[in-house]
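Next, two complexes with chain A in common: one pairs it with chain B, the other with chain C.
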Partner chain A sequence: MSNYIPTIGVEVHVELKTKTKIFSNARNGYGQMANSLTNVVDLGYPGTLPTLNEEVINLAIRAATVLNCKIRREMFFDRKNYFYPDNPKNYQITQSRTPIGYDGYVEIEVNGEKKKIEIEEMHIEEDTCKSAHRGTRTLLDFNRAGVPLIEIVTKPCIASSTEAKLYLEKLKELLFYCDISDCKMEEGSMRADANVSIRKNESDPFNTKAEIKNIGSISNVGLSIEKEIERQAKLYDAGETFKPQTRRFDDKLQDTVLMRVKETGNDYRYFPEPDIPFVVLTDEMIEEAKKGIPMLPDERRKVYVEKGVLETNANKLVQNRPLSDFFNTLLEEDTDFKIASNMLLGDISAYLNREEKELSETTLTKERFLELVKAYAEGTITSKNLKDMLDTILESDKSIAEIMKEQGIENITDDSEIRGVIQEIIKNNPESVSDFKNGHDRALKFLMGQVMKETKGKANPRLANEILLEELKG
Partner chain B sequence: MEEKLTREELLHVANLARIKLTEEEIEKYRVQLRKLLDDVEKINEVKGYDDDILIACWDNNTELRPDTEGEMLDPKQVIENAPHHAGNYIEVPVVIGESEGA
Partner chain C sequence: MKYLNKGIDEIHELLKSKKIKPIDLVEEAFENIENNKELNAYITLNKEEAIKTAKELEDKEVDNILFGLPIAVKDNICTNGLRTTCGSHILENFVPIYDATIVEKIKEKNMIIIGKTNMDEFAMGSSSRTSYFGAPKNPWNTNKITGGSSGGSAATVSARDVLFAIGSDTGGSIRQPASYTGIVGMKPTYGRISRYGLIAFASSLDQMGPMTKNVYENAVLLNAIVGKDPRDLTSANREEEDFTRFIGKEIKGMKIAVPNFLMGDVVSEEVKNKIKETIELLKKNGAVVDFIDVKYLDQAMILYQIIAMGEASSNLARFDGIRYGFQAENVKNIEDVYLETRGQGFGEEVKRRIMVGSYLLSGENAKIYYNKALSIRDDMRKEFNKVFENYDLIIGPTSVSTAYDLTDPMDDPRKSFMDDVLVIPANMAGLPGMNIPVGFDKDHMPIGMQIIGNSFEEAKMYQLGSFIEKELNLDLTPGGEK
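The block that comes next holds the complex of A and B.
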């Protein structure tokens, strides 16, 4: 197969996290009984009129802001006309000529280099009903009809499947953190289409493109792009061409399959929606929407690392929003952030997974957590103590000192007491001492084990380790 | 301006509207539709017409609706108004290979 340069553009539909639908006050919900979340507007009954949900505008402004888009101040909606049972009005209300956001970008990092994935435009539209094909019949559920969507369209500036995946991950993280959408691809609240074409040289004009529709996961977006590049390359290598077409990703085949060839261009006969007057955004609306933007994931990662958290842990924290939000409440405090992050991601996460709980369902407060981190940093509790105490810490309101007292945790932090024990151990284990002096590190571990055994695990490990080394070298 | 739409143009519009036409109708509508389109074209003669100007039916801007839930239909009412249903689903003949929205 010869080498070709791929050109990729990605379109993403994201369902907005509002309480009600975009043009009606029926509930915006998922996983409910079929056709139980609808009203006459969603079903397109004659004589009904759409009324625009203010929260949709609010969330769309927020999305446009975090995607670095310019925000249009005056806009209208368009009717996109088509006949299909998923839309009983025979048109979808969307924004074609005046998208709310345009000329934006999302920054990704590819092989250590930053790249801006440019966003052509971001518009608001209504979702259609969900259809399921059963033989010669189609079943329709209108619960999804009228759910607010934003569609985010990139320029054809993506050069590989890796870039496409990184872009989608970043997009998902941003929209999720800003409470714009759940971004659950498995439930369809985030759906991606990829446009793929390839050419021999940068100077060649773009070749025919294929659109891969409704891909169900980020990894499948990557895979379908790779398969599509391969398919097109084989055709060109064999001297063949193909017509513009729509394909879909088939999970079982792990490949793209043809849905339809686009014989003629889409003929949606767009025209301005006469039932919705112009939407004019004021400075106040824009400022209000921006207030809902929390510290963004990239900023969080940067701040955490500056505070001494390991990069891998900073990433793990950001991937777990409740933990990251909790961690953010500590940022102004004087504490050991490395220990704090280890505790949250280690023992505390293990507890939450085991008990299937959220952090907010435990009794942990910022104050008690700071007390715990301090006790650990100073060596008054060991990692074993932490494990023993954790359930009580997370299930009661008792102070850390109280719990330690209750559980008889009283660690030896007295320098001379530990030194005495260590000197005794060194005297009784001459072989291990000489092993250590001959460079056998395992001997040190053995001796530490003896110290812990002798003190019944109550010696401050850091202190004990320091004294042991001093005594061995001295 | 041609007097008639081409046969292909007319059939394309008929296809979009999902209507079947007889030969007689095709010939009749080629003339009628051309005349309609010519009338609509007159809008372009308006002075100062600019694609960037927003033109609405009235001067008021949209009043936004608060995001609070209202009454919904009972699924029974929904399926009552459909010619066919399967359980709570509305049932229609399958249409595959056509454009799907969103």
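The block that comes next holds the complex of A and C.
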């Protein structure tokens, strides 16, 4: 197989996380009983009219902003006319001529180098209903009809399956973090189509493209692009060509399969939707929508590392939105961020996983967490203490000091008491003392162990260490 | 004893003083409709429900002037639990589970819906002869058309079956049949009345309005049905006003324009003469009347065809037999469901308009035709705005002729647009337009005058209309007083 340069464009449909649908007041929800979240507007009953959910405009502005798009101030909707059973009015309300966002980009990092994936446009539209085929019958579930979508279209600027995957991961992270969408590909709240063509040289015109529709996961997007490049290359190598076509990715075959050859002149008879007046975005609306944008993932990673968090931990935190959000509430505080991140990702995450809980379902507050981090940093509690106390910390409202007292893990911080214990140990272990003096560090650890054993682990480790060194040197 | 030919103030007093009950009016209405059965004004009667409602009202306080009065509603307006066919086979058995906003408002006033009136299929026509349920007949001469598409509403008000009817007007469908049947018909400003529940023909033009025997009653009914509706984004947010407030006022000093186009060669001499007589009357009473040129009026009909048919082709796409309405039997696949259901369900005129509309929106045509039509329409609006900088109102004839024979040929599809050439401009510009009767032709068929107002100036139109009505004092009961 000879070498070809692939050109890839990706179209993503994302369902917006609104309370109600885009053009009706029916609830927007997933996984409910078929046809329980629908009304006469969604069903396209005669005489019904669309209203416009302001939440949709708000989220779309937010999306356009984080995708670095220009925002159109005056826009209308268009009708896209085509007959299909999943299309209740037999037209879909979309934005064909005046997409809300255009000329944007998403930045990815490929092999250590930054690359901007350019966004041609993003527009608002309504989802269709869902059809299920049962033998010779087709069943329709209108719960999805009228769910708000944004469609995000890249320019044909993606050079590889890896770039496509990185783009989708980045897109997903951004939209998820901004509460724009769940971005669950397995539930269809994020759906991707890939347009693929290949050519021999950079200077050649673009060749015929194939569109792979509705790919169910990011990894399958990568795989289907690779398979499609391979298929096209084989055809060209054999001196063959192909017609523009729509394909799908078959999970079982792990390959793309032809759905239909595209007919020329697919005619959607677009015209401006007369039932919805012009939408004019004011500065206030845009500002209001931008307020909903939290600190974005890249920014979070950067700030965390600046605060002393390990890079791997910074990444792990960002991957766990609730922990990251909690962590963000600490950023203005004077605390040990490294310990804080370790604690969240370590013992606290372990607890949450074991109990199948969200952080918000525990009793942990910012104040109590700071108290805990402080105690640990100062050596008032040991990591063993932490493990012992954690369930109580996360399930009651008691202060850390109170819990320590209750569980009898009040550590000895009394200078003279520890000194007495240490002096006794030094007296009883002359061999170790001389080992230490001869430069054997292990002896120090042994002696510390003895201190802990003698105090049943209650000695403040830092304090004990200091006194031990003093006594040994003295 | 007959009550429904009396004025509403008198009926209201009778109801208030308990001399009559709503049931008396309802029974009389059904009796009238039965006697005038030949008119074929109704597609569905709401007899049981109307009687029930009337009886329930007996325990309620007569709290407004429309209380207990029977009303007919055009059959393209959705009524909860009451069949709504749009004059079409495809919705022959369609029973909505929701009320149009206008119907809710009617019910809030405790008016009683008597039935659903006959109309051109999907309001596409100007003689009501495209109705799947047969054409309604003109009470002045049952060999004549009622006009359309609100022909049933016009006929039943004209025949004095009921006091009120609601019509809809996309390109003259209230005003033109009102002129043919000698009644008052108002198409208010686009956006005045919520379109929620009106089965769409051409969304950017459709507007419902009152059809009544006189101007005052028209204004009273309009008071009850206007208003911003959160369910219709194109409905207008206006302060509440009383549309009767200028009725009875002088017209001295009123400036009135007569566009030359409305008095052109297409209009019959008889009609033109009657309008001229009325103009003389206005002048005599101190109004200033000027004949002026208004640009684009001659293009309104073409623009209308492009916009209305384009929008209709999309609006009517939902009728596919899948979720409601007629579905063809013995279909083999989904393609068949569409072809057979729509092939059998729609009549010829509707199919013609869907096809032409689809063509007009196809590919490059959308730019060549539809978008261009929208832009010329904007120019036309601006042209009207200029007229209203100098004039209070525009007048002219409503129709080019009086009602013609039911048996006249229907083989020229352009004829129905030609019938509406004078009424279409108001729709194109979104302006309010009203018909008032101003006389009769040699066969004693009614002639109507059209009053066009600036946006949201219906009250001023009623002022002029009521003045003419009072001055002419015509006997507008077909066949004389009953």
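Rule of thumb we're sticking to: the second predicted complex is superposed on the first by the 408 of 474 C-alpha atoms of A that agree within 3 Å, B and C clash if a C-alpha of one lies under 4 Å from a C-alpha of the other, contacts with A are read in each partner's own complex, and residues count from 1 in each chain.
FYI, a contact is a pair of C-beta atoms (placed from the backbone, for glycine too) under 8 Å apart; a residue touches a chain by one contact, two chains touch by 3 or more.
Keep in mind that this is a model prediction, so the values were computed, not measured.
Of the two partner chains placed around the shared chain by superposition, chain B is the only one that A:Phe76 touches, whereas chain C remains out of contact.
Contacts of A:Lys89 after superposition: chain C is touched, whereas chain B is not reached. By the touch criterion stated above, A:Arg260 is placed in contact with chain B alone, chain C being left untouched. In the superposed pair of complexes, A:Leu52 makes contact with chain B and with chain C alike. Contacts of A:Arg27 after superposition: chain B is touched, whereas chain C is not reached. A simple residue count on chain A separates chain B from chain C, and the partner touching more is B. Of the two partner chains placed around the shared chain by superposition, neither chain B nor chain C is touched by A:Ala238. In the overlay built on the shared chain, the residue A:Pro277 is in contact with chain B and with chain C.
When both complexes are aligned on chain A by C-alpha atoms, chain A residues 40, 43, 51-52, 81, 83, 85, 138, 140, 267, 269, 272, 274, 276-277 touch chain B in the first and chain C in the second. Residue ranges on chain A touching chain B, taken from their complex, read 13, 18-20, 24-27, 33-40, 43, 51-57, 74, 76, 80-87, 92, 98, 125-128, 132-142, 149, 259-260, 264, 266-267, 269, 272, 274, 276-280. Residue ranges of chain C in contact with chain A, taken from their complex: 76-78, 84, 86, 91, 94, 96-98, 100, 195-200, 202-204, 230-234, 310-311, 313-314, 317-320, 322-324, 334, 338, 358, 361-363, 366, 370-371, 374. Residues of chain B that touch chain A in their complex: 12, 16-18, 54-58, 60-73, 75, 78-79, 81, 84, 86-102. Within the complex formed with chain C, the residues of chain A that make contact are 40, 43-52, 79, 81, 83, 85, 88-91, 138, 140, 265, 267, 269-272, 274-277.
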